[in-house]
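In the two complexes that follow, chain A is the common piece, with chain B as its partner first and chain C second.
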Partner chain A sequence: MAQALVEAVDLCKYFKTPKGLLHAVENVNFRIQEGKTLGVVGESGCGKSTLGRTVLRLHKATSGKVLYEGKDILSFSRSEMHNVHRNMQMIFQDPYSSLDPRMSIRALIGEPLSGLPRSERLSAAEEKEKVDAIMQMCGLPLHYANMYPHELDGGMRQRVGLARAMVLGPRFIVCDEPVSALDVSIQAQILNLLMDLQDEHKLSYMFITHDLAVVRHISDDIMVMYMGQVVEYAPSHMLFSSPMHPYTVALLNSIPTIDLSRRGRERITIHGEISSPVNPAPGCRFAPRCPYATEECRNEHKLVEVEKGHFAACTKGVK
Partner chain B sequence: MKKRVKKPLSEYSTGELVLYRFRKNKLAMLGVAMFLFVTLMILIAPLIRPYDMVVKQNIADRLQGPSSQYLFGTDELGRDLFSRILYGGRISLFCSLAIIAIAFVSGALIGGAAGFFGGKVDTVLMRIVDMLMSVPSALLAMAIITALGNGVWKLVLALSIGQIPRFARMVRSSVITLRNMEYVEAARCFGISSMKIMLKHILPNGIGPIIVSATLTLGAVILSISSMGYLGLGVASPTPEWGTIISENKVNIQYYPYLGIFPGICIMLTVMAVNFIGDGLRDAFDPKSKN
Partner chain C sequence: MSENLLEVKDLHVQYNTDDAVVYALNGVSLNLKEGEKLGLVGETGAGKTTLALSVLRLLPKVGQIASGSISYKGEELLDKPESYMLGLRGRRVSMIFQDPMTSLNPVKSVGDQIREVLDLHFPQLTKEAKNEKVDQMLQLVGIPASRKNEFPHQFSGGMKQRVVIAMALISQPELLLADEPTTALDVTIQAQIMALMGQLKDRFNTAVLLITHDLGLVAEFCDTVAVIYSGCIVESGTVEDIFSGKNNHPYTKGLIGCIPDLSKDEDRLHPIPGHMADARTLPSGCPFADRCANAMDKCRKERPEAFSEGTHTVFCHLFDNMRGGV
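After this line comes the complex of A and B, so read on.
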């Protein structure tokens, strides 16, 4: 297989809490090729945002590696980090709190340029030109440049967030629930914009979301997480056509449908509450809520390649 | 006559917008006018009254009410209250501004560092601040002046040290709130240095309430200069100073209220003016306020 653009190897992130270690991300492996999108799904608090932040070194990883073009960025010194900033960027979930209310749109979009090493700084005129070009690319009318974030609606703000991520010309963007704060009509606009930009610039995305419809629409591969563990990892079509893990099955089953022929379908509901990720028991973390759990589920949790490219930690969900 | 072409607001730079909003704020402009007036009067005092009048005693004219000769009346030693207030402003106004400035800057540095870096830096710095806070500020100032000796600049130093903790704590708490904002995290993601994040994101967003509190503290500082003077530390009679003027006349205020009213009004007007300016500044820096 060709070298992946971004790759994670056994990435772990634990947080120290007064009660013990919180296992937020546990032994995550993934590969993202150039121009492809990895969708990361899971319920709130399952560690998907933490994973995205750890990949960009916004959180310090506990162990494991993040490779960008084969180089481990977690071992980069401070002076090498600008390579990361230039090539790997992030779009934040909340378009309200991720823009400084006191900066104009032009200043916000130009901000990443001011973080470049001195030798690469642009002159004021070049910067203006660059910001204008990026604004056009992201569908922001130029007269917004002197406005402030509170004067814009959510969709436009998220475009600003996207423009900020794009201005350094990255090849990989972590999208942390970029559309979940927006209403549906605007979600579509932003998703289409993301996909257009991907085509034009061969971008790779790591798309974090809890919205299965969105993830199906945009992803090439999908990774399903439950409490820090990857339970299933497969190409998008395989995951939707033949889910294996009981959790994935339940998750897919929860998608509302307007298909009348499926009206009487059997509903799979997950009972019980999510258990605590602080000092978790070994084995599968879904086991306490899983209808098919057996004794051995509490001992081992390992992703197995079930068919080519389709990894699952468990296949008990297959009927 | 050439007509000035007005630029549309949308083309104003951030600095111009701030100035524009400040100038539109009537209360703030009133504050500026009042403050300029007080400062001007203090600066040109020698042109209005000779310094002689400040200390010259004229027992024959003691405790005279306001008149054309003695604009604000005279005190119990027959000194002209108007001249004393004019010259007293030098110490009251400039020292208290210096005290606030020193306390503000050092408090902001300490609190900023503590809040931003957190962890051990925070613990060490805040315990030092706690130590300062545990001593009553008047007592602390007295101890410092006694150790250093009398003098206006020593007084400034002593009183500003007492004010550092309040600014340090306030700055720290607002920095902690802002540090966790998503836009600060976004800036980190762009590789912006900590110093720049502090100056571009945390300072502008956190400074509003701190400016207002600093302007309010001004009144308290003017009074604490006078209480030091009353104790014979720092500025002592016959050198005039607004707070000292009130305290040296306090026995007579009951029967000759103008002795308290005039210096009191001066303190009040100055504090109000500075407060209006502070409020105006806070609003001017906030892009959400109406244009």
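After this line comes the complex of A and C, so read on.
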């Protein structure tokens, strides 16, 4: 298999809390090839954002490896990491709070350029040119350059966030819920833009979201997380046509659709709520809510390759 | 057919801010029958919440109902004194606010907060009777009654929303205004909450006005739909009318086109170009004209008349020819 651009091997992230160890991300493995998108889906608190941040070393991983072009970046020094971060960027969820309200749009987009090494520093004219080009690429009209974030609506602000990530010419972007704060009509514009940029620049994305419809649309592979564990990992079309894990099945079933023929469908609603990931019991963490749970679910939780490329920790969801 | 519980006619609401007058609602008309579930769909800033607040007369100080009428069971609410509204709010008409995290009092136990409704509206009940009702209500929304002495921060988001629903329903209102009740929640919890609201509706025959931007939720939960854009209703009808894909308003069509389809692999989405018009200027013609692919000269000049076909009503000049002399 071709070398993956970004790869995680048994990545774990625990947080120390007064009540004990919080298992936010547990033994996560994935590979993202160049120009591909990995979708990470799960409900709030399942560890998907923590995973995204750990991959970029914004959180210090507890154990495991993150490989960028085959090299373990978790062992990199500060200056080596500085170089890697030019290629690995992030877009944040909230376009309202992730932009400094006192910086103009031009200054915001140009800010990452000031971190370049001295030899590559741009002159003021070059920087202006670069920012203009990036703004155009991200669909931001140039007259916005001297405006401030509060003058822009959510969709435009998210474009600014994207422009900031794009200005250094990255190869990999972690998109943490980039469209969930936006209205549907604006959401579609941003998703199209992300896909266009991917085609043009062969970008790889890790796309974190709780919205399954969005993730299906944009992803090549999808990883479903529940309380820090990966419960299912498969190519997008396989996951949607033949979900196996009971949690994936329930999740797919819970999405309201405008398809009236599905209106009266039998609902598999799962009861209860996510329990606490602090000092969790061994075995499947979905078991307390799972309609098919048995004694053996307390055993080890392991992903098994059920069919080619389709990994699931449990196949009880198959009808 | 049962009678209209709530009738909103040609309602105009504006916010008189320091800078400018913002026209939030521009002639909204809406009917809701007893026991009906109406979905009010629209984007941020379309005026959905303003409409709900107008019904309860809870608009902020800068808000002003400029003209129109809101009648509830045949009584004109806009002429009633505040004392009348106090008896209505929380007793006959309840509202569920969008954000369960901020609509509860953090220093009062949830049981006390639910009982507050009874203290206000049913002072004749004994303490025991009230407590019993609170326990029943909590159980009904799926919270063990033993947790009633706990405080909001000890509950998760979904549980808090249940508490808010319990508060809204304990007085068995005739009308429930639910403003984005599940937006802050995960899909599996959303499914639980919507199933619960459905059951409660069946039990108490409460009419529901569901305010949301989620078309899927409306298609699954509601009987009728009204689509609101820039403070105007652009289309209304039964769920079947709207989602069968025939004779939709271009805006509704656009909204439906924006949703990634779960059952199909499609490469690109079809966003609606442009942005919602600035609410500080009143549109002279159709509010959607500037973003509409089929806009004609007429659309920018005249407000479209209603085109009705049975239960389905569309406000769009494209249907002028089909009106056929009516």
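Note that the second predicted complex is superposed on the first by the 318 of 319 C-alpha atoms of A that agree within 3 Å, B and C clash if a C-alpha of one lies under 4 Å from a C-alpha of the other, contacts with A are read in each partner's own complex, and residues count from 1 in each chain.
By our rule, a contact is a pair of C-beta atoms (placed from the backbone, for glycine too) under 8 Å apart; a residue touches a chain by one contact, two chains touch by 3 or more.
What you are looking at is a predicted structure, and each value in this text was computed from that prediction instead of being measured.
Engineer: Check chain A with both chain B and chain C modelled on it and let me know: fit or clash.
Structural biologist: Here chain B and chain C can both sit on chain A without a clash.
Engineer: After the fit on chain A, how big is the angle at chain A between chain B and chain C, using C-alpha centres and going to the nearest 10 degrees?
Structural biologist: If I round to tens, I get 80 degrees.
Engineer: In the overlaid three-chain picture, which partner chain does A:17 touch, first (chain B) or second (chain C), both, or neither?
Structural biologist: neither
Engineer: Touching A:276 in the superposition: chain B (first), chain C (second), both, neither?
Structural biologist: The answer is neither, since A:276 touches no partner chain.
Engineer: Thinking of the overlay built on chain A, is A:104 touched by chain B (first), by chain C (second), by both, or by neither?
Structural biologist: It touches chain B, and chain C stays clear.
Engineer: Look at A:136 in the shared chain and tell me whether it touches chain B only, chain C only, both, or neither; answer first, second, both or neither.
Structural biologist: A:136: touches no partner chain.
Engineer: A:85 in the overlay: touching chain B, chain C, both, or neither? Say first, second, both or neither.
Structural biologist: first
Engineer: Can A:188 be said to touch chain B (first), chain C (second), both, or neither?
Structural biologist: Second partner only.
Engineer: With the two structures laid over each other on chain A, which partner does A:112 touch: chain B (first), chain C (second), both, or neither?
Structural biologist: Only chain B; A:112 stays clear of chain C.
Engineer: Between chain B (first) and chain C (second), which does A:294 come into contact with in this model arrangement: first, second, both, or neither?
Structural biologist: neither
Engineer: I want to verify one number: the closest Cα approach of chain B to chain C after the superposition, in Å.
Structural biologist: Least C-alpha distance: 11 Å.
Engineer: Of the residues on chain A, which ones does chain B touch that chain C also touches?
Structural biologist: Residues common to the chain A contacts of chain C and of chain B do not exist here, since the sets are disjoint.
Engineer: If we count contacts the way the header does, which residues on chain A are in touch with chain B in the complex?
Structural biologist: That would be residues 56, 58, 81-82, 84-85, 89-90, 92-94, 97-104, 107, 111-112, 114-116, 143, 146-148, 150, 161, 164, 168 of chain A.
Engineer: If we count contacts the way the header does, which residues on chain C are in touch with chain A in the complex?
Structural biologist: 43-44, 156-159, 186-192, 194-195, 213-217, 219-221, 239-240, 243-244, 254-263, 265-272, 275
Engineer: In the complex of these two chains, what residues of chain B are touching chain A?
Structural biologist: Residues 10-12, 14, 181-183, 185-193, 196, 200-201, 204-205, 285-288 of chain B touch chain A in their complex.
Engineer: In their complex, what parts of chain A are in touch with chain C?
Structural biologist: 43-44, 153-155, 183-189, 191-192, 195, 210, 212-214, 216-217, 237, 240, 250-260, 263, 267, 269-271, 273-274
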